[in-house]
Amino acid sequence: MQEFEIGRAKRGRRAWSFDDIAIVPSRRTRDPEEVSTAWQIDAYRFEIPVVAAPMDSVMSPATAVEFGKHGGLGVLDLEGLWTRFEDPSSLLAEIASLDDAGATRRMQEIYAEPIKTELITERVREMRAAGVTVAGSLSPQRTKEYFKTVVDAGVDMFVIRGTTVSAEHVSGQAEPLNLKEFIYELDVPVIVGGCATYQAALHLMRTGAAGVLVGFGGGAAHTTRTVLGVAVPMASAVADVAAARRDYLDESGGRYVHVIADGSIGKSGDLSKAIACGADAVMIGSPLARATEAPGRGYHWGSEAWHPHLPRGERIQIGTSGSLEEILFGPSVTPDGTMNLIGALRRAMATTGYTELKEFQRVEVVVQ
Amino acid sequence: MQEFEIGRAKRGRRAWSFDDIAIVPSRRTRDPEEVSTAWQIDAYRFEIPVVAAPMDSVMSPATAVEFGKHGGLGVLDLEGLWTRFEDPSSLLAEIASLDDAGATRRMQEIYAEPIKTELITERVREMRAAGVTVAGSLSPQRTKEYFKTVVDAGVDMFVIRGTTVSAEHVSGQAEPLNLKEFIYELDVPVIVGGCATYQAALHLMRTGAAGVLVGFGGGAAHTTRTVLGVAVPMASAVADVAAARRDYLDESGGRYVHVIADGSIGKSGDLSKAIACGADAVMIGSPLARATEAPGRGYHWGSEAWHPHLPRGERIQIGTSGSLEEILFGPSVTPDGTMNLIGALRRAMATTGYTELKEFQRVEVVVQ
Amino acid sequence: MQEFEIGRAKRGRRAWSFDDIAIVPSRRTRDPEEVSTAWQIDAYRFEIPVVAAPMDSVMSPATAVEFGKHGGLGVLDLEGLWTRFEDPSSLLAEIASLDDAGATRRMQEIYAEPIKTELITERVREMRAAGVTVAGSLSPQRTKEYFKTVVDAGVDMFVIRGTTVSAEHVSGQAEPLNLKEFIYELDVPVIVGGCATYQAALHLMRTGAAGVLVGFGGGAAHTTRTVLGVAVPMASAVADVAAARRDYLDESGGRYVHVIADGSIGKSGDLSKAIACGADAVMIGSPLARATEAPGRGYHWGSEAWHPHLPRGERIQIGTSGSLEEILFGPSVTPDGTMNLIGALRRAMATTGYTELKEFQRVEVVVQ
Amino acid sequence: MQEFEIGRAKRGRRAWSFDDIAIVPSRRTRDPEEVSTAWQIDAYRFEIPVVAAPMDSVMSPATAVEFGKHGGLGVLDLEGLWTRFEDPSSLLAEIASLDDAGATRRMQEIYAEPIKTELITERVREMRAAGVTVAGSLSPQRTKEYFKTVVDAGVDMFVIRGTTVSAEHVSGQAEPLNLKEFIYELDVPVIVGGCATYQAALHLMRTGAAGVLVGFGGGAAHTTRTVLGVAVPMASAVADVAAARRDYLDESGGRYVHVIADGSIGKSGDLSKAIACGADAVMIGSPLARATEAPGRGYHWGSEAWHPHLPRGERIQIGTSGSLEEILFGPSVTPDGTMNLIGALRRAMATTGYTELKEFQRVEVVVQ
C-alpha cells in the first residue's frame, strides 16, 4: 500500500480509477469464441456478468425482462416512477424534453409523488410473468417499509442499493435497519451496497449478503465528488473488496460473496478492467441507457438527481446508439466502446489468453 | 514527508491541493439529522463552521448581519468600498457592468479613494445594532493605523488578513506591526493570516491569536501563482497547520488555536475536504458571492484585484444561484456543489459516520 | 521496476508512454551531416529505419515502391482493398468522402468483399517489377490460408501483424498457426507482432522471427484502450522488448532479433524517442498518411476500423502536409513534427552526440 | 535523485518544469521596497537580473538600448534581420501581417538573405553610442566566421547561443569551434549556451565563460519537444546547473560562473521560480515581445522558426500589453503575470523574507 503524507497531521493512501490502469496482454492468445462469460450467483446462472442498474432511465418492467432474456440480471428500482405512477410513460417523455436549466427542479416535483405498495406488487408480477430471474431494488432508508411487499410479490433476488450502505448504520431517530438480522431472515438472496473499502465490504459480507456492490453507481451521471468531497476510485475499491471476498471466504469457511462493481463503467473497456481488478460481475447504467428501448429516451439519471434537498447528479443527454441486443452483443458500428460490450469483453479475455471470468481476474494490469 | 530532488541543488516537498484528494467512507453510516456542525471559538458559538470572507463582492454590512443570523461569522472588509464611500451602491453596480478588458484599471481608480475612519465606526455600529457577532478585517499594513478606531467602534472579533502574514515582519522604513504585543494588548480575540506552513502558523499561534487563516484566500479569483510563482496547495497546508495547532496546544499548556482554511474552497465538497484535512472552520468567498443578496451582483473579486501596481486577481463573473439561505441550507436545485453547502457537509459526515466536526477531522482520505 | 498496489488484491506496474518522456542532451554535440540512419535486417539494408505500416490509407503497390526508393521498407496489406478489388481507386475516393457518422458502417460493407489469391500474386509482382525490397503482411488468422500464395509470388520479407500475436495461440476450433514451425520452414525472413511485454516478445523471438513488432500499431487511429481496456504504453513496452532482444541474443548464442516499434509514433519526436527506448526501427502509419501520394487522400484508418462485429478504430481525417519525400527528408514548412522526419532524427542524434542508431539507443531520457 | 525504470532496458530520471513547482512562504515577511534585484556579472552591474533574448521580435538596436537604460542587458541577434538588411522595418511589418499558414515558408525566404559584416559593425556602433552595456549574439555555427567583426566593433559582452552548445562539438567536415581556446583568447566576457545538464554545464564553465545559458530559449515559441523529442524541464535543469556552478567554484578555486535560465519563462511567476531553483539571472523573450516598442509588433518568433530545412518553432501572435517600462516595473493593469515583472519578483522575495537574489535562491519550493 502506497501512503502519502498530505501534511504533517494527515496521511492518505494512493487510489486509482479505471482510467488510470490498462490491461496488458502478456502470454498466450485464444479464440474469442472459446471464451465463456458465464456468471453464477446463488442458484442463478447468467450468460453475461452484467446487472442492469435500477435506474428509471435504464430499467422498466419491459427492459428488465428483455435484459434477462439476453442473459443478464435486470433490476427494477422499486422507488422509481414505476411504483409511483400507474403509467409513467408521459412523464418519461416529459423528462426527456426538459431543458437543462429546469430539469433538476422539475424532476424533484415529479418524484415527490408517493410510492404505492400495490404498484410494487404489480410491477414484480409483470416481470415474473415473463419467466426471467426477477430482481427489484430498494434504498436502505425504505427497505424496512417495503421489503415485505416486495418479497411477497415474489422476487428472486433483492437489491438494497444506496450511495453508501454500512452494516452498522447508526440512527437516533428511528430504529435503523439491522442488515444482519434482516438478510438472514429473508429467503431470497440479497445484493447490497455500495461500499468502498475492505472493512466496509467485509462487514457487509458478514450480514449474509450474496453479493456486494462496490462503488457509488451512476458514474456518468453524478457529482458526489464535487458536492460531498466523497469519491471512490473504482480500480482500488474493487481490488480492495476482492481481498475482502478472499478473506471472508476463509473466515466463513467457504462462503463466496460476489463482488459487483457499480460505478464508472461507461465503456466496454471499463467492464474488462472491473473484472481485471477482481469483480465477479458489474452493474451498469449509462451503457444501457443508450439502447433504443431504454425508457430514458437518450437521457440518463440516477436517484441522486432528484434528491429533494441535495441533488448530487444530473439528468444528462447520453444519446442512443443501437438496440439493447446490439449494445450487448453487436455488431458494433461505432468504435467508442458503447456497443458490443460482451464481444469486447470476450476479445479482451481472448487477447490475454483467458477463457473464464474467474481466471481473468488475474490478468496483468499497468498503471499509466 | 515525501521530498523530491528537483535538481542537484534543490529539493522540494510534494504538496497536495483539495482537488488531489477525496474522502472515503470506510465504516458505519449515520443519519444526516444527527450531525452537528457547531463551532465555538473563544466565547462565540456558531451553528455553522463558516466565516464569510471580507471581500466587497461578498460582504456588506447587511449581508454580514444576514450571514450572522444564519449561524456563521460575517466579516466586513474595513478597507473596502464601505469605508471609502458613504454609499457605494452605484459603484458596486458599475463594477458589475464593466467589460473585462477595462475592469482592473477602473477598479484601481475606484479603490484609490481614501478610507474614512468615521465610516469604519459607522459600519461597525450598523452591524452591532443587528445583534449578531460583529467582525471586521484590516490588512497588516493598515492595522496600526486603524485598529483603535475599529476596537472603539465595538467589534467582537478582529481579523488581520493579508496574502501572507508573518509574526516577524521586517521593515526598515517604518516600525512594523509587532503582532505579539499587539494581540496580547487587545481585548478582542484576533484571527490572523494567511499562512502556509507549519512554522509560519506556529509563530502566528504564539502571538496569542484565537485563530489562524491558512492559505491566501480568494481561490477562484486570484492569480498569485502566475504572478508571483507563490502558491499554497491547500490540503497540505491545512494538514500542516493542524499539526502546528496540536503541537502548540502542548507547548502552551492547553491553548487551542483554531485553524481556518481560507482559499480554494469553491464547492461544498471542498468545504468537507478542508475539515477532513484538519480545519476547524473555513473562510469562503466565491460560494457566497453567488447569493442573490451578494453585493457583487454575480461578480466576485478580492483586494488583490485592485492593487495599484501589481494586481494579482481578477473580477470574475460567477453568476447567481440562489438566496444566501439556499446556498447554505438548500434546498438545492443544481447538483454542482454551489448550493446547500451545510447540507452537503452534514451528508459527508453522516456517510462516513461522524457526528461532530472535531471527529470528522480524522476521516479517511485518499490521494488520486 | 516500480510496482503499485492498486488495491489489496491487485498490483500493477507503472508504465510510460512516449509523451511521458523526453530526450536530454547531456554530452558532446555533432554535425547532423555526420549522422548515419542506416538500418540492416537480415540481408536487407535500408537507409532509414522506417517500415511503412500495411494500412490501406498509407500503402498501395505504388507508394510501397516509392517508399522503398526513398530507402525504407514499404509493406502492403495483403488483406486490404488491393487484394479484394481489381482497382480500388474509386472505393478509396468514396471512403475519403464519407461523413463521419456512417463511415464505420460503410467500410464494414466494402471490406466484406472476399480476398482473391490471384490479386495477392498480382500485387506482389507489381512491386517486384520496381526493384525494391518487397514485403507484404497477413493477419495471424489468415496466414495459414494465404502464405503459400504470398511466398510463391516472391516477397523478400513477410510480415505477420495483428493487434496481439502470441507464439502460443490456443484454439479449439481449428488447428492454430504454429508460429515456430511455420517461420523455420519459411525461406523468407519474418517480422511478427504486435507484442507488448518482455515475455511475449521473448517467445516470438524464439519462433525464429527476424524482427518483432512492439505495440498495437495505428496509434492515432484506434481505440483499443476504450473498447477492450487493453493498452500498451509504448516507451515501457519498447524498453522491455529491447531487454528481451539482449537476453535472447545471449540465449541463442548470437541471434539479433530486431525490435520495431509499431504504435503511438505520430510526430518526428516520437520516432527519436522510440529508438532512444531501444527500438532498431519503427513502423509508422499516420505520418505517411499525410503524404500527397497517400492512397487515403488525407484520411487514415487501420484494419480495426472495419472489423465486422467489434470495430476498434476510426477513419480519421489527418490532412495532407507535403510529398512523401518532404515528409521523410524535408524541407519542412511546418514546425509540428509532421515533416522532415529523418532530418529531425538526424538532428536529435547530432544534438546528443550520436552518429549511429545502435548507439543512440543509449541516449539519456527523463520522465516528466 | 529519483530514477524510474521506463522498461527493463531503460531508466530515466524524474525531471520537473516550472509549472510543476511553486514557491512557499515559510518564514518572516519583508517590505517589497527593501528588496534589491541587483545583479553583477564580470565588471557589469545591472539593476535587474534580466537579459533580453536575442530574437528579432524582441531586440532591435533601439530596444536593446532602451532595455539597457531600464537596468537590464539587451542582446542583439547578429544573425537576424538587422545584419541582413539595411532597414528591416518593412519586413518586420510584413512578418506581422502574414497569415499563419504561409508564415514559416515566407520567413524562410526572408532569412535566406546573407548576413553583411558591415551591418554587424554598424549595429554595434549604434548601440555603443547610447552609452549602455552592449551585447550581441552569434550562433555556434557562425561564431568563427563573424566574431572578429563583432569584437572589433566593440561589444562589452559576447553571447554564443544555440539550442544546444557543447564544449566538445565534434565535426568531420570542418574544424569545429574550440570553445575553450576561443573564450580564453577573447577579451570580452562570454555568455554561452544552451545546456541542459550538470555535465554539459560543467564543461561549458571550464571554457572560461562568464555565464552559461540553461535551457533552449524561446519557450513559448518553439516545438523542439515535438519535432526532436528533446526537451529540458527547466526547474530540474536550472537546479542541476546551479550545482555545477557550486562544484566548479570549488574546482576552479573561486570562479563564479553565472547561471542564466533561458526558456519557459513566460510569466512573472516563472522568473521568480527560475531564481528559486538557483539561477542568477534570466534571459526572456516572450514577455518583452509584448511591449509596445517590440519590433515584432505583437508577434514573436525565434531563429528555429525560420530554419530552412527543419523549422522547430512558430511565429506566434502574442499581443501587446504595455510599454517596456510597464512590463518591467508596472503599474500593471492585468493580473496575468505579463506586466510589472520586477515588481512581482520583489513581492515574491518580500513575501518569503528575502532581500537579495543570491539568498532567494534558497527559498522553499513544493512540487505539486
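The first chain written gets the first letter, and so on, giving A, B, C and D; residue counts start at 1 in each chain.
Going forward, contacts are C-beta pairs under 8 Å (C-beta built on N, C-alpha and C of every residue); 3 or more make two chains touch, one makes a residue touch a chain.
Here the structure is a predicted model, which means the values were calculated and not measured.
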item: For subunit A and subunit D, chains touching each; value: B, C
item: Chain separated most widely from subunit B, comparing mean CA positions; value: C
item: Fraction-based call for subunit B against subunit A, same above half, different below; value: different
item: Rotational angle, Cα trace of subunit B fitted to subunit D, multiple of 5°; value: 90
item: CA centroid of subunit A to CA centroid of subunit C, Å; value: 40
item: Subunit B-subunit C separation of Cα centroids, rounded to whole Å; value: 57
item: Where subunit B touches two or more other chains at once, by residue number; value: 14, 16, 236
item: Chain-chain contacts as defined at top; value: A-B, A-C, B-D, C-D
item: Footprint of subunit C on subunit D - complex, ascending; value: 4-10, 12-17, 104-105, 108, 163-173, 195-197, 199-200, 222-223, 225-233, 236, 304-305, 308-314
item: Interfacial residue positions of subunit A with respect to subunit C in the complex; value: 1-2, 14, 16, 18, 21-31, 33-34, 198, 235-244, 246, 267-273, 276-278, 330-337, 340, 343-344, 347-348, 351-353, 364-368
